[in-house]
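What follows is a pair of complexes built around subunit A, which joins subunit B in one and subunit C in the other.
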Partner chain A sequence: MEMNFFAASLEKLSAWAQKNAIAAMPLPLGCCLGESGAVQAGIPVCYNPRQADILVVAGAVSFKAAPVVRRVYDMMPAPKAVVSVGNCALNGGLFADSYAVVRLADIVPVDCFVKGCPPTAADFAAALADLKGKGR
Partner chain B sequence: MTDIAETSFVNIAPEPATGMGICRLVAQLDGEKVVRLDSHIGFSHRGIEKMLESVNTAQALVWCDKLCRTVPFAGGHAFVLAAEKLAGVNVPKRAKQIRTLLSEIVRVSALLTMTGNLARDTGNAAAGAIAAQAAVRTTALCRAVTRYPFGTYFRVGGVAVDLADGFQDRVSEWMSEMPPVLDELKSLIDNGIFRSRTKGIGFIGADAALAAGLTGDNARASGLKRDVRADEPYDAYSDVEVTVPVANGGDCYARYEMRIDGIYNALKLIDQLLPQFAAGEINAFKRPETTTLTGLSTHFENVVKGLLLPEGDVYAAVETPFGETGVYLQGDGSPVPYRCHIRSAGFPAMQALAKIAVGADLLDIRPIVSSLGVLMTEVDR
Partner chain C sequence: MESLDDFGQYVSLHFAKQDIVGREKAFGCLTLTVLRAALVRTVSFLRDDAACRFTQLTDITAVHYPNRAEEFVLLYRLTSPMLNRRICLKMQTARDVAVASLGGVFPNAVWYEREIREMFGVSFENHPDLRRLLIDESVGGFPLRKDFPKAGKNKLSYDEKTESFVVSEKQPEPQKNLIALNLAGESE
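Right, the complex of A and B next:
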């Protein structure tokens, strides 16, 4: 049967589109790689917060970087998600005692933590796929 | 100076060039020409030096290797050299050779990445992908021969574990793979478009480069014959012949040429080094063969407390792919350094950027930053 039309509610349609066209904005602050995992998970990388759906913060967040991370997050359109990559972004990791480092979760709401020092690209890709599956 | 009312400001952030990390550049523009460029650094500052002043030398290596992700040995290598110099440790020959070998292998990987990033920033994504693949293979080789996670392999007094059996064959096999990859890379990158985007762009002369404190490939591209490996040989570099190539262009293209030459030089050094490998210890601090209580307790104290650093101060530098990375250590008789300072190679390059970028087009900023080969985690420490 040939169908050259389909019916859907606008909300469901936009949700479907958003779920299947995700762009990730990497912020590689520390030594974990931000981009490779996103590429492996089939998510395109985008350096414009206005067009990004996922913020990927990799590595230790310094005091100087914290307002920047918040500002980038605020600039992103909803619905949006934050992925924290590496132990340093999670709880300071190796740099927990450092005077210069804050936890990412204190600055922006984090949806997904990827642990490891550094996490493997596979771990990261799995986390992103998981996030995608949630339809966030 | 152009009137400020006629100029406009443009922010270039978060990553002014591919793979360099977070940094903010503020360009003051007169039309499309940059009349002033301010770099705001420090977004990746994690306070590594102060962390090192609170732990002993054995623990410190974990932080040293986090200095830069692509060259984990860079910070660690300078740190172990400084600690050994201060404490007067006699490092076994094999350990020195292993460190030299790994430094060179990692240099190839880092220079490939830098070249690939420059290719990407001049609009050549295919060459970037090929360089990245070759760099990944090189990193895998490091893991295979050290049987250790990438990084955290160097120790004060030597290395952590011996190299895997048959490492020479593996390294030779990898070496035979490299020339075709390099030929392909050069044929893809070095074309008219690339030259038009790099030649004569981002010029810095020899005097200015010296005054700015540029080291490594950036200094050599401006005609300064500087290489720590040749000038003050450390580890096994005194046993091999280090050639120092020099270019006089001082522009982005000269820096690209120096990086490619650097890869060939590293391969030559590995070729010289492989047949020289000596048998023997891999660490100056081996487990005591005696099982007497005093012998074991001395070893236990050494391990738990760490190496005692006598009073005095030293500076030790290594030639990393970024340039001269050095560590200044001051000891006060305890195992914890009293003062530690890391001289990062990229920091002067970021400062020199203000001079280099003036007069360039806004579109040229990306290749210029990329050609300097800086990594913000290394700059900010």
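Right, the complex of A and C next:
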């Protein structure tokens, strides 16, 4: 008899699959996502929030963009994480204390901050590895 | 009508003396100071007159002078592509006075006026849509006024319990005097 099957609990199986097939939804509000080389970090990119696991927000979040960010976050399926890329998303960066800029952490719960202006691809890859380490 | 003086006189001749208050030249461009009540008439004349033909409204901007009785100066920049000439109209206005909208003369004035409304809080009469143009309604206040706090008036956050956005007033932070800090660092 060929051993081309294995037994596992469905929960464990889906957790394993999700951990190893992460699709990130980029939300480029500023220049960071292009500059940081997130694509070189080797994550599959998915422009549909319904199928994404990670929300990658880069750039300053303005008052007007905040409801959009929240809406995209709410649309994502349950095991989800938010990565904030760059100083702008972290605390406003260059635009800190502007009358029209909010911190990303005030809008959605952020799991991982990548600092830098812009951050390097290595920083971004390390953040993703850190997220995987957390087990989600 | 080659010289700017001649041209300025030509325009002034078509209006009552009190309508066009001032006339000045700077950087090869004529600037007329216009009375609030005469603005729409002046702009229509400049657009339609065969010797002017300012058929393009390039920009409307405003300046805030907090110490004046009439706080705001609105600047209307017109271009005549046919005659290769530019002109600037200046107009004083106060905080609680509505200015006549230029939307009937130049349709593109509507958006310029919306921007002035959101940034300076100058109101316009006969305007089709006075919503803010670029910034969000929840920002509050008028950012380009001199008395607007640099960091803004409102703070936006999301309340997970009620699942809604909360706008709260920002606490003013004490401003650090960066120049004084630098000088203190140098003397040490």
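General remarks:
The working rule: the second predicted complex is superposed on the first by the 128 of 136 C-alpha atoms of A that agree within 3 Å, B and C clash if a C-alpha of one lies under 4 Å from a C-alpha of the other, contacts with A are read in each partner's own complex, and residues count from 1 in each chain.
Simple rule for what comes next: a residue touches a chain if its C-beta (ideal position, glycine included) is under 8 Å from a C-beta of that chain, and two chains touch if they have at least 3 such contacts.
In this text the structure is predicted, and so the values were computed from the model without any measurement.
With subunit A as the common reference, subunit B sits beside subunit C without any clash.
Of the two partner chains placed around the shared chain by superposition, subunit C is the only one that A:R70 touches, whereas subunit B remains out of contact. Look at A:S62: by the touch rule set out above, it reaches both subunit B and subunit C.
By the document's definition of touching, of the two partners only subunit B reaches A:L27; subunit C does not. Of the two partners subunit B and subunit C, more subunit A residues are in touch with B. Seen from the CA centre of subunit A, the centres of subunit B and subunit C span an angle of about 40°, rounded to a multiple of 10.
In the superposition on chain A, no contact is made by A:W16 with either subunit B or subunit C. Looking at the shared chain after the overlay, A:A100 reaches both subunit B and subunit C.
In the superposed pair of complexes, A:V108 makes contact with subunit C only, with no contact to subunit B. With both structures placed on the common chain, the touch criterion links A:Y47 to subunit B but leaves subunit C unconnected. Taking every C-alpha of subunit B against every C-alpha of subunit C after the fit on chain A, the minimum distance is 6 Å.
In the superposition on chain A, subunit A positions 62, 64, 97-100 are in contact with subunit B in one complex as well as with subunit C in the other. By the touch criterion stated above, subunit C contacts subunit A in their complex at residues 134-136, 138-139, 141, 143, 148-153, 155-158, 160, 165. In the complex of the two chains, the subunit B residues touching subunit A come out as 14-15, 21-22, 42-48, 50-51, 54, 62-63, 66, 68-69, 377, 380. Subunit A makes touch with subunit B in their complex at residues 27-33, 47, 59-60, 62, 64-65, 68, 72, 88, 94-95, 97-101, 118.
Residues of subunit A touching subunit C in their complex: 62-64, 66-67, 70, 97-100, 102, 106-109.
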